[in-house]
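One structure is given here, and the rest of the page talks about it.
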Amino acid sequence: MAKKICVVIGSRANYGSIKSAMRAIKNHPELELQVVAAASALLDRYGAVANLIEKDGFTINSKVYVLLEGETLVTMAKSTGIGLMEFTTVFDQLKPDVVLTVGDRFETMATAVAAAYLNIPLAQTMGGEVSGTIDESIRHAVTKLAHIHFPACQDAKDRIIKMGEEPANVHLVGCPRMDLVAEVLKQGTDIANDLFKLGVGGNFDLNKPFVVVSQHPVTTEYGDGEKQITKTLMAVQSLGISAIILWPNADAGSEHVARGIRKFREHNDDSNMHFFKNLPTEVYIKLLAKTACLVGNSSSAIREGSFIGTPAVNIGSRQQGRQRGANIIDVDYDRNHIADAIKHQLSHGRYNAEPIYGDGHAGERIADILHKATVSVQKRITY
Amino acid sequence: MAKKICVVIGSRANYGSIKSAMRAIKNHPELELQVVAAASALLDRYGAVANLIEKDGFTINSKVYVLLEGETLVTMAKSTGIGLMEFTTVFDQLKPDVVLTVGDRFETMATAVAAAYLNIPLAQTMGGEVSGTIDESIRHAVTKLAHIHFPACQDAKDRIIKMGEEPANVHLVGCPRMDLVAEVLKQGTDIANDLFKLGVGGNFDLNKPFVVVSQHPVTTEYGDGEKQITKTLMAVQSLGISAIILWPNADAGSEHVARGIRKFREHNDDSNMHFFKNLPTEVYIKLLAKTACLVGNSSSAIREGSFIGTPAVNIGSRQQGRQRGANIIDVDYDRNHIADAIKHQLSHGRYNAEPIYGDGHAGERIADILHKATVSVQKRITY
Amino acid sequence: MAKKICVVIGSRANYGSIKSAMRAIKNHPELELQVVAAASALLDRYGAVANLIEKDGFTINSKVYVLLEGETLVTMAKSTGIGLMEFTTVFDQLKPDVVLTVGDRFETMATAVAAAYLNIPLAQTMGGEVSGTIDESIRHAVTKLAHIHFPACQDAKDRIIKMGEEPANVHLVGCPRMDLVAEVLKQGTDIANDLFKLGVGGNFDLNKPFVVVSQHPVTTEYGDGEKQITKTLMAVQSLGISAIILWPNADAGSEHVARGIRKFREHNDDSNMHFFKNLPTEVYIKLLAKTACLVGNSSSAIREGSFIGTPAVNIGSRQQGRQRGANIIDVDYDRNHIADAIKHQLSHGRYNAEPIYGDGHAGERIADILHKATVSVQKRITY
Amino acid sequence: MAKKICVVIGSRANYGSIKSAMRAIKNHPELELQVVAAASALLDRYGAVANLIEKDGFTINSKVYVLLEGETLVTMAKSTGIGLMEFTTVFDQLKPDVVLTVGDRFETMATAVAAAYLNIPLAQTMGGEVSGTIDESIRHAVTKLAHIHFPACQDAKDRIIKMGEEPANVHLVGCPRMDLVAEVLKQGTDIANDLFKLGVGGNFDLNKPFVVVSQHPVTTEYGDGEKQITKTLMAVQSLGISAIILWPNADAGSEHVARGIRKFREHNDDSNMHFFKNLPTEVYIKLLAKTACLVGNSSSAIREGSFIGTPAVNIGSRQQGRQRGANIIDVDYDRNHIADAIKHQLSHGRYNAEPIYGDGHAGERIADILHKATVSVQKRITY
């Protein structure tokens, strides 16, 4: 009987980070894929990712609403609690042999605890990395609940083993997201002209230099988001360059960042800027390949950025500690420092690609290992 | 302004394991104690621990019901989710400077995640130890969410540091439970004659040799509890020795163990056995000092047992890996092995005390360190 | 395609009150029965009703844990909230054509609101009756959410129509519980000698006069339960008659009544009394046919009691307003009044049966009507 | 000691419907106002009503997040369950003497059940009215849980009494929303020029004829929202008149209506239309006084509309049965019928005011009655 692998997808970012593994699992003759779509992956205002999943040919076994509206620290914690209750129901019904979860989000935490108490082996991708925000703690806590580990880079693998996980269960596979990046870029970097029909703000020529701003709330600096994004937007504006501005994710403090963007728009000429709530992953990858500079605190600057060679300015503490390539300039929350760093990247141009986070074949490796792996439900620290 | 330390108590065992620290915090001039009583600590059928807490002179700031009845894997997972929702409400209102949590229970997991997402520093006692059941995973996951660590023994301290926690935040203080043990035994080991008014079954002379059986469900061996306890009870019966049998805790599988006890009573003469649902902690400690042998899988055999010198037979995987003294004989779930090991302990008699889990001053140390500690909310793994 | 009828069972009492309808639905060629077992129906300490359901040949489609332990007003309210979340998941999956719910319990409220918001037509049994406690309000609120009504007695039917429900959807069918009573009594009233193996307390001869005490907490008089049961027990004791005492149900305040029973046992000779946590429904029905007097505030005194002719003393407000037969003497919470009323019933002996709550064919009628009924999801008050 | 009245506000509409009563309670020397802000009242994307409440000088005692994102039937039901859990916590802490709730929303249902199980008397405004959608059932169910009734119109009062509520507890006070309308209109109907800075779409002259479209999902016709709004928008467009289009509320199906609006904008010239997610209540009232015709299915057409004399076209079943004045033309979901009805209203012009829903003094009456009222927690149907 096929081994049942249950993948939980909680957001658009999640989906991009696991899609190639899902495909490989689905195509594997001795694995059966179960898909749970949850949290912002179900919501129109986050791009209705569940529809994409189905359009991509996957069957969703269960749709689970867990997001308590509010985007505060309190609602993030309570959403985790709701998720824990709901995922328990789902896993109890689907009875997977392994639950596969991505990274370090609150849905990940809920998924991990539910699987743990139900005695279902847990596999985690993207474990062992270092960053700022609460994600840093959650990521390692999930690792301590996981039985099979799929780190994306070498130092993450080393770190997981140091944390006391059984080396035989730690598999350096690369990040499945790079599989997707490689695939998309094979098709070229042209972006259809009608991009600007989505979003609001001015239009501009995507063949001339432009920056992309992607800045999310830092949960451990809750309350500072409006101030932080404002500095970034003012730095970008001061350079007179066209800019694509992305809306923040749904973490606690999201409303503060959003408010900063709204106020900036009210008080400034935005004819040179275009604002998007969501972008198809394929379009976002192409933008990373085209943009003169990626600005903000998205992990994509470091992960996809190193793979593609995207010049990037990384602001503040959110990505602190994450293994990175030459394409990153780190700056603090200072308008002038941000502007100077962007200027430097504009004059530098594209970087050489560095395969820190994988070679584009992570998905197949994950399916293969899941097929072969036999783990004991009873975990045991190695020291 | 006094630093607010919020202690969450989820069960009778929890309370015994933190009481001396609570007293030290309460008595510290620059600390303010907040007490949250939750889960089985509120329930009459688990001994109404909340009443004890108040009788001991503590004020309970919040009572939180989180136990979803059923004692299955599903209800344990969902209770964690409910706990996460409810503790979030409580911490958001009490606004503690530090949340102090005990060990590795599902309430602990819920407490830890709630504090983490609310950016409240977390302190954990009993971290870094090794055992069986899901507790093993939960304990280490909580450690990865905690900012201040109070391990009870040296190897637990070493392990926490190896896991990547900042050494400056890892404090070997001993187990506060030993503070309580030391204090109780100073008053002697006499047990009032009316003990047998509680519980059901036969009466016997506590000044003649008797064993104590304390065997809990092993969550990772869910479904085997009835079989496991039955072997133990048959082993004890075959020796013809008087026995005190304790009811299992509220973990998943509790009903299976309870059923085993009930069926044993229906089909066997129990005039030589007495069964208790709950015992006051003080009485339990005195029993450990008097019993000819403690049988089962309770951590108290290893922890209090080493401190007191109690001969003990530890059955199965639940305590696997926990640092232990000479007083323990480990056996598997085998009726004859259990009987032989008990016989050996009966002929051996009491062991010398070993202070593996502390010297009786853990509580004061914890209060002192909590007073002095300054930690960053943003955690960071050390490697 | 068969019409799917989903029955939600939340307790032993619930099951007895709907079992004959379940059987009729199951046997109906054009109906498909779905069974949801929930709340105390899943718990060993309330008699593991789910096992009975399966032993009776029904398939349980979903088991839903909703009871937050504590038995306080707070946990009763929160259990309703948990039930609402969980039943929503279940109904969304089972997609029944009609949800059939019993009476006025908190599970009933949760069931009704879940079905209402999911646009699933709701049928209610036992609506339109009058009683005390919060059940009075809940019963009528559920009626206002229900599309099809199965009142058990004439005045309940009249009341439902007066409340603005469409007369065509109000069907006087009798109480399905009477179907069960009729069936059981057809087999005689002998009770196996081993009854006293269950429960605790003394044994006595069931062929000599004995009373049965069944007294539940009154939620709207929360906190008074201990005092109330104590008066009853003292009244019974003063008469020197043998007594079977039943444990209270799981409503808020249950612990208070239980405490009253425990304290009474500690301070009084109970050799003439036997205490049961649960009794099989069949045994309970036979006891109603044998007992010299049923004492307390159970609705069974009024409902089954009128059908069987059981002499009964009804205490306090819990059954206030419920249509009743000649077999009932109503008294307040007064030890002497209770004792006098019992004495009167002992000398009176059995009453003539009155078919107020049905003729023993309710189940078939319910199945038949559910088959024929077509209702609009959009309800509309008639005036 | 002042009597504590706890008002729960779950949305902007809720607040407008109770604000004058809150003010009167706050100003009453023997009443103490407690305010709970919940659900969409807390969310920026629904206009951050909590901030308004505080700006208006009220203190919010508790903020309660209950909205599970998704706007489906499932999330509406589950949000009710979450609300029930959370309001229970809040009421248990605030210990109000009376809970005052508005109307028939899912927060209202959750509020009512929580208060009921906690034995706290409940007062309801807007009970006894008739409408379509699930609100019809919820409204009457809440009435059966409420102890004090504040109907807004005569037929609602009659209906509540017919439903079996104690006449002495049913007080015809009018709708507090009319108090607000009267107050706002006293200040004139000028709308500041910068209105169009909010929202998206074209600008136009508010002193020339324009219509206002306010159309919400019908929960009992879940799935039809996109089709329904599209017909309305096409009807309006065919008339070539300027239009203000309001975003739908957060009920199940909201996303469908929103999608209809978004698609309409993509495929049609919207230079003559302006779209608002939220409008300050004061602005909305002035629009009702200025617009040539209010189109859609909002209750404000009937309630405020009759008070102001606003010509209105009411579409479909949502307001079916609600007592209405001469200002309403009812039509079904038919593009031509809608267009014809609007044309008729444009040529008719404003109507005479009809005080069906109050005279502008409801708030004071409510405070006064709450002060004097003494009710028994134990409800009892009158027949």
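Just so it is clear, A, B, C and D label the chains in written order, and each chain counts residues from 1 on its own.
One rule holds for everything that comes next: a contact is a pair of C-beta atoms (placed from the backbone, for glycine too) under 8 Å apart; a residue touches a chain by one contact, two chains touch by 3 or more.
Computed from a prediction, not measured in an experiment: that's the story for all the values here.
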> Which number of steps is the smallest that gets you from chain B over to chain D via touching chains?
Replying inline: 1
> Among the chains, which has its CA centre at the largest distance from chain B's?
Replying inline: D
> Where chain C and chain D touch, do the two copies share over half of their residue numbers, giving same, or under half, giving different?
Replying inline: same
>> Just the number, please: Cα centre separation of chain A and chain B in whole Å.
In response: 39
>> Nearest whole angstrom, what separates the Cα centre of chain A from the Cα centre of chain C?
In response: 53
>> Among all residues of chain A, which ones touch two or more of the remaining chains?
In response: 74, 78, 82, 85, 89
> Where on chain C is chain D touching in the complex?
Replying inline: 73-74, 76-78, 80-85, 88-89, 92, 106, 109-110, 112-114, 116-119, 130, 132-134, 136-138, 140-145, 159, 162-164, 219-220, 222, 252, 317, 320-321, 377-381, 383
> Which chain D residues qualify as touching chain B in the complex?
Replying inline: 85-86, 89
> Can you list the chain B residues touching chain C in their complex?
Replying inline: 40, 42-44, 65-70, 72, 74-75, 78, 82, 197, 200, 255, 258-259, 266
